[in-house]
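In the two assemblies presented below, chain A is common to both, partnered first by chain B and then by chain C.
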Partner chain A sequence: MTPNAKRTLGHIVLYIVFILIAVIALFPILYVFLASFRTDEEIFKYAFPFTRDTILPVRWTVENYITIFRDFGFGMAVMNTSFVVLVLIPVNLLVASLAGYAFAFYNFRGKNALFAVFMISFMVPIDSVALPLYTMITKMGLVNTRWALILPSISNGLAMFLFTQFFRGIPVSLLEAARIDGANLREVFFRIVVPLSVPIFITAGLMIFVNEWNNYLWPLLVTRSPEMRTIQVSLAYFKDENETFWSLVYAAASISTIVPVLLFLPLQKYFVQGITAGGVKG
Partner chain B sequence: MRKILSLALAFAMLLTLAAVASADDVVTIKLMMSNTQQTGVSAAVEAFNKAYEGKYVCEAEYLAFDNVFETIEVSMQQSTAEFDVFAADGPNIGAYVNRGYLTPLNDYITAEEFASFTPAMQDEVTVGDAIYGAAMGDSELVMYYNTALLEQAGIDPAELFAGVDGEHRISWEKLVETAKAAQAAVDPDGSQGIIGIEFQQVGRTYQMNVLANDRGGANIAEGGLSVDGVINSTPWIEALTWYQQQVNDGVFSKGIAAGDTSSYFMAGKIIFYLGTTALPGTFDNNGFTTYGYTYKPFFEGHEADVTTCCGSWAVGMNPKTEKAEAAAEFIKYLCIYDGSDVYINASGMLPALSRQFTDELIAAKPYLAIAQYEGANTALVRAKTPAFNEYSTSVNALWENVRNGADPAQAAQDCVDELTTAFLEYEE
Partner chain C sequence: MQSSLEKTSFQRSIAKAAPYLLLLPALAGILVFKIYPIFSAVITSFIRKGAFSLRTYEILFKDKTFWNSLMVTLRMNVVMIPLQIVVSLILALLVNSEVKGVGVFRSIYYLPVTMAIAVASVTWALMMNVNNGVFNSVLSIFGIPKQGFFTDAGQALWSIVIMATWKGCGYWMMYLLAGLKGVDVSLYESAKLDGAGFFTTLFKITLPLISRAMLFVVVANTSANFLLFAPTKLITEGGPQNSTNVLMYEVYKSAFKNGNMSRAGAITAVLLGLIIILVVLQFLMMNRKDVDA
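And then the complex of A and B:
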């Protein structure tokens, strides 16, 4: 076999492996998406034996999508989640970037200890602080309000860490030059630092988005009424003691998945840039 | 003119103040309930608010079934009065009492009122001598069968179940034999995945334990804090071994979760299906009509041991409530008086009150005749223990492990050891 043929064969094998991995990774998502267009009866009727009808709908229907919005108030859940995300992303980015700016460019007493506290804050799982946090929110009378969904997430330790690491890579001389040219602190931050940090803003924004979009435990604890439910909490309502309405779960899960995917696809290059930049500089 | 305006303003203020004072007199109680009970409970709440207009108002929150338990734990651990009244699943009452989540209702429910509940439902809400809740409804175990599949297999259900009643049931042994014959006829190569027999709540202590109970095994030892000599006893080992054998023979399923069994039954994948009396409502909602029902089986040689599982949601009162009178009034309305009738009619649940088994009800829902018989003769409440959460977790795992091939005797002993350790925390 010639070297060229060997290389071609190697490529073919590699691509087959890649395709196989892609199929394994994408199959559950594809199944969920296709099953969202069929009835529960059809899903179970064709579960065995495994044939084309196990995956592809025999009779396509959009009734599941209509049902989740009409009968289960899923639209309200989407609106609530979107509201929380739209409030939290800019607020979080502002808080985290300003904190990162301070940690990266200023020296003050207790800086390292404070930075360590921030680091610990994102290493502690929410489950372990959920109860005291819930007590606090209860005492503030905020249970079953949107404030309860927003307040505890206003600052994000991981985002702040990423900003700090990224900002440390920006030459201090650049900032000093701006100051010499007459820029005040706000102008330095918004006109010099922010434009240079677009990838990290996108990365942190996407991370905050995914965290909040998929947040389940906290909204579960602090929301009660249908008017306050978020997407992940509302998914639990497509079930009763006697049956799980899988077709509805699949329809709601498809919507829940599509939004992050649509955001990630165009922004993924910035995401990777941001992660690598924030992760290695320091 | 100014005088008239001033008078009008003063009158308007007076009216507003009167309205505020009047609104202040109305006591608002908060109820937390599972959304699975929303249809029946919301109708009863509406009736309550109408009946007690100007005195009490009930505001209900309906949480997803899976979220109810977490919410109770979080809310009650914080000792809040967020809810005055809440849904307490029957078997959890002992645990809630142990943790101080429930207040005794003896001062509010008279002995005569309490006696109106069926014996099993009295038992379920009683801890020691105290009443800690009131049952909204009940559940019973009935055996459903897919008439279309049996017909396809050439088996006539009328002939198969001829003469069957509470005293004369089909045996598990004969049921297995029939299920195998039906499977061989409708799915000879097994490619269609037709299941012979399945429990609605497969892998869960609630229904699976009846296999051991049917052989004379208890759920838990007296006192509720020991399973040694119970779960590792002969009836249990025999039941576990028998079940594993049927799974291995393909009569019972492997790998199907409890939440999906009703969908498999309605999709024509299960021939004999043991489930609760709430299922016909689900069948109706899905337009599924090709089914029949009969009494659950017994083990040959254990005719006297036949047992059915029962129990359902109860309503309990938060010890932190500052509206105990109103809360008690609501509980009694929902569970004993007019609200209970509204709830039972709207929900289709099995009544927890003896008086509600009327001829009209049985005529409208004939399967309730079976439930009524079972409730009076074979019903056994789930293990009464303050550690029910640990108990159900461990026993659920035991049934699943045996289903997946674990040695029954060893798995039972492991379960006993696990629970013996878990129970230590509750021993005084």
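And then the complex of A and C:
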């Protein structure tokens, strides 16, 4: 075989591997999406033998989507999750980028110790302290309020870390030049640092979005009444005393999934840039 | 002159305080909502009726359910953590190759990450359903009998491992890819000229050079997986025969089903201790590798 033929063959094998993994990655997402357009009866009826009808809807219906909003108050869950996300993204970005700015551009006493505190905090997920946090939120009288969903997440160690790493790549001379021209801290930050850091703001914003949109354990603990439930918590309530309405669960699951996917696909270019440039390099 | 000097010294003290002021909101959030709860969990577990006591732990350590739950957690993670790291590394190496359309595949591999763990749980519960799930349906083509998956005491834990690996690896892939992007390509080329094979290059060049990304992935993956809770809560409720009853679910049950806060606090403390010991060990082992390289 010529070296060229060998290379082509290698590429073909590589693409086959790529496509196989892509099928594994995509299948469950597509399957739940397709299931959301079927009735409960239909999902189960065509399981055996395996045919086209096992996966594709025979009679497409949007009834499931109508039912979750009309009869199960899913709109409220979407509102609650959206509210949490819309508050937390700007707050988180501001808090984390200011801290990243301090770590990247200042030398101060206790810097290393403080940085270590942040590192530990983002490597130990919030779920590990869910119980003591719950006790604390109860004492503060905040259970079953939106504050309980928002407050514990206002400071995100991972976002802070990404900002610090990214800001370190910005030449200090740029900031000094602006300082000499009389710009104050606020102006330096918003007019010079922020415009240079768009990819990392998008990356951190997306991560915060995905984390909060998909958060399960904490909202499960602190939401008590149906009006406070988030999307993820609501998934367990599409049932009556006797049975779970699976097709409704899949309609809600599809809505939960499609939003981050639609956000991620157009922004993924920045996302990779953000992690690569700012992230945990070798 | 005088006033301008004063202004300068005032500015100087502002400049000195500036980094602390910038850090204040982030630090306050972490101290109040993360560091303090860690200490409070540990301290509360040692207090009974207002005095120091080891009674909670005495009861806990005599409790068979706790030991079984600890074993389930360990058994799951001993398999799941290395599996996820190897798969993530393979994915990262694949999407790091310079072929056309690789960006599309990178995005596709990340998509399971954007699916919520609760959603992934109900989705896999449907697909792995014994009587009418699509997995058994596909297996029937090959004449393989119906598998129990989440309803089989021998398979349930591994079904969760497969589901969590499917959902998690894209995330870790991104960080390893970031590490790989930082490796100088000329190093691969010179290794190739020296006649180094794929595995020699991987272990002697690639892995040592991405050790920081790898350390982050190993540590963060460990703590995330030890806290995995949603599949147990939503699919198996700890069963069948307690085979998926992980510690985090035991915490949840103690606190919110049985109202036994001190037991829940003690298990939280054990879980935190376990994670911290593992993380410290990983730091020590992997940092030493750094020195060697």
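A few points about this structure:
Please note the rule applied: the second predicted complex is superposed on the first by the 258 of 282 C-alpha atoms of A that agree within 3 Å, B and C clash if a C-alpha of one lies under 4 Å from a C-alpha of the other, contacts with A are read in each partner's own complex, and residues count from 1 in each chain.
Please note the rule applied: a contact is a pair of C-beta atoms (placed from the backbone, for glycine too) under 8 Å apart; a residue touches a chain by one contact, two chains touch by 3 or more.
Model, not experiment: these values are computed from the prediction.
Taken together in the superposed arrangement on chain A, chain B and chain C clash. After overlaying the two complexes on the shared chain, residue contacts for A:Pro49 are found with chain B and with chain C alike.
Contact with neither chain B nor chain C is seen for A:Asp181 once the two complexes are overlaid on the shared chain. By the touch criterion stated above, A:Val129 is placed in contact with chain C alone, chain B being left untouched. By the touch criterion defined above, A:Phe264 lies against chain C but remains apart from chain B after alignment on the C-alpha atoms of chain A. Residue contacts after overlaying the shared chain place A:Leu221 against chain B and chain C alike. By the document's definition of touching, of the two partners only chain B reaches A:Lys239; chain C does not.
In the superposition on chain A, contact of A:Ala25 is made with chain C only, not with chain B. Once chain A of one complex is fitted onto chain A of the other, the partner contacts of A:Thr138 are limited to chain B, with no touch recorded for chain C.
More chain A residues lie in contact with C than with the other chain of the pair chain B and chain C. With the complexes overlaid on chain A C-alpha atoms, the stretch of chain C that clashes with chain B is 61-69, out of 25-33, 61-69 or 169-177. Residue overlap on chain A between the chain B contacts of one complex and the chain C contacts of the other covers 43-45, 47-49, 130-131, 134-135, 220-221, 236, 246.
Interface of chain C with chain A (complex): residues 16, 18-20, 22-23, 25-30, 33-38, 40-41, 44, 91, 94, 97, 99, 102-103, 105-120, 122-124, 126-127, 131-134, 136-138, 140-141, 166, 170, 174-175, 177-183, 209-213, 216-217, 219-220, 223-224, 227, 229-230, 233-234, 248, 251, 255-256, 261, 264-265, 268, 271-272, 275-276, 279. Every residue of chain A that touches chain C in the complex is listed here, in rising order: 11, 14-15, 17-18, 21-22, 24-26, 28-29, 31-32, 35, 43-45, 47-50, 54-55, 94-96, 98-99, 101-103, 106, 108, 111, 114, 117-118, 121-136, 151-155, 157, 160, 185, 210, 213-214, 216-217, 220-221, 231-232, 235-236, 246, 249-250, 253, 256-257, 260-261, 264-265, 268-269, 271-272, 275-276, 279-282. For chain A in complex with chain B, the residues that touch the partner chain are 40-41, 43-45, 47-49, 130-131, 134-135, 138, 143, 220-221, 224-225, 233, 236-237, 239-244, 246. In the complex of the two chains, the chain B residues touching chain A come out as 32, 34-36, 61, 63-67, 70-71, 74, 77-78, 80, 82, 191-193, 200, 259-260, 262-264, 266-269, 275-276, 278-279, 281-282, 286.
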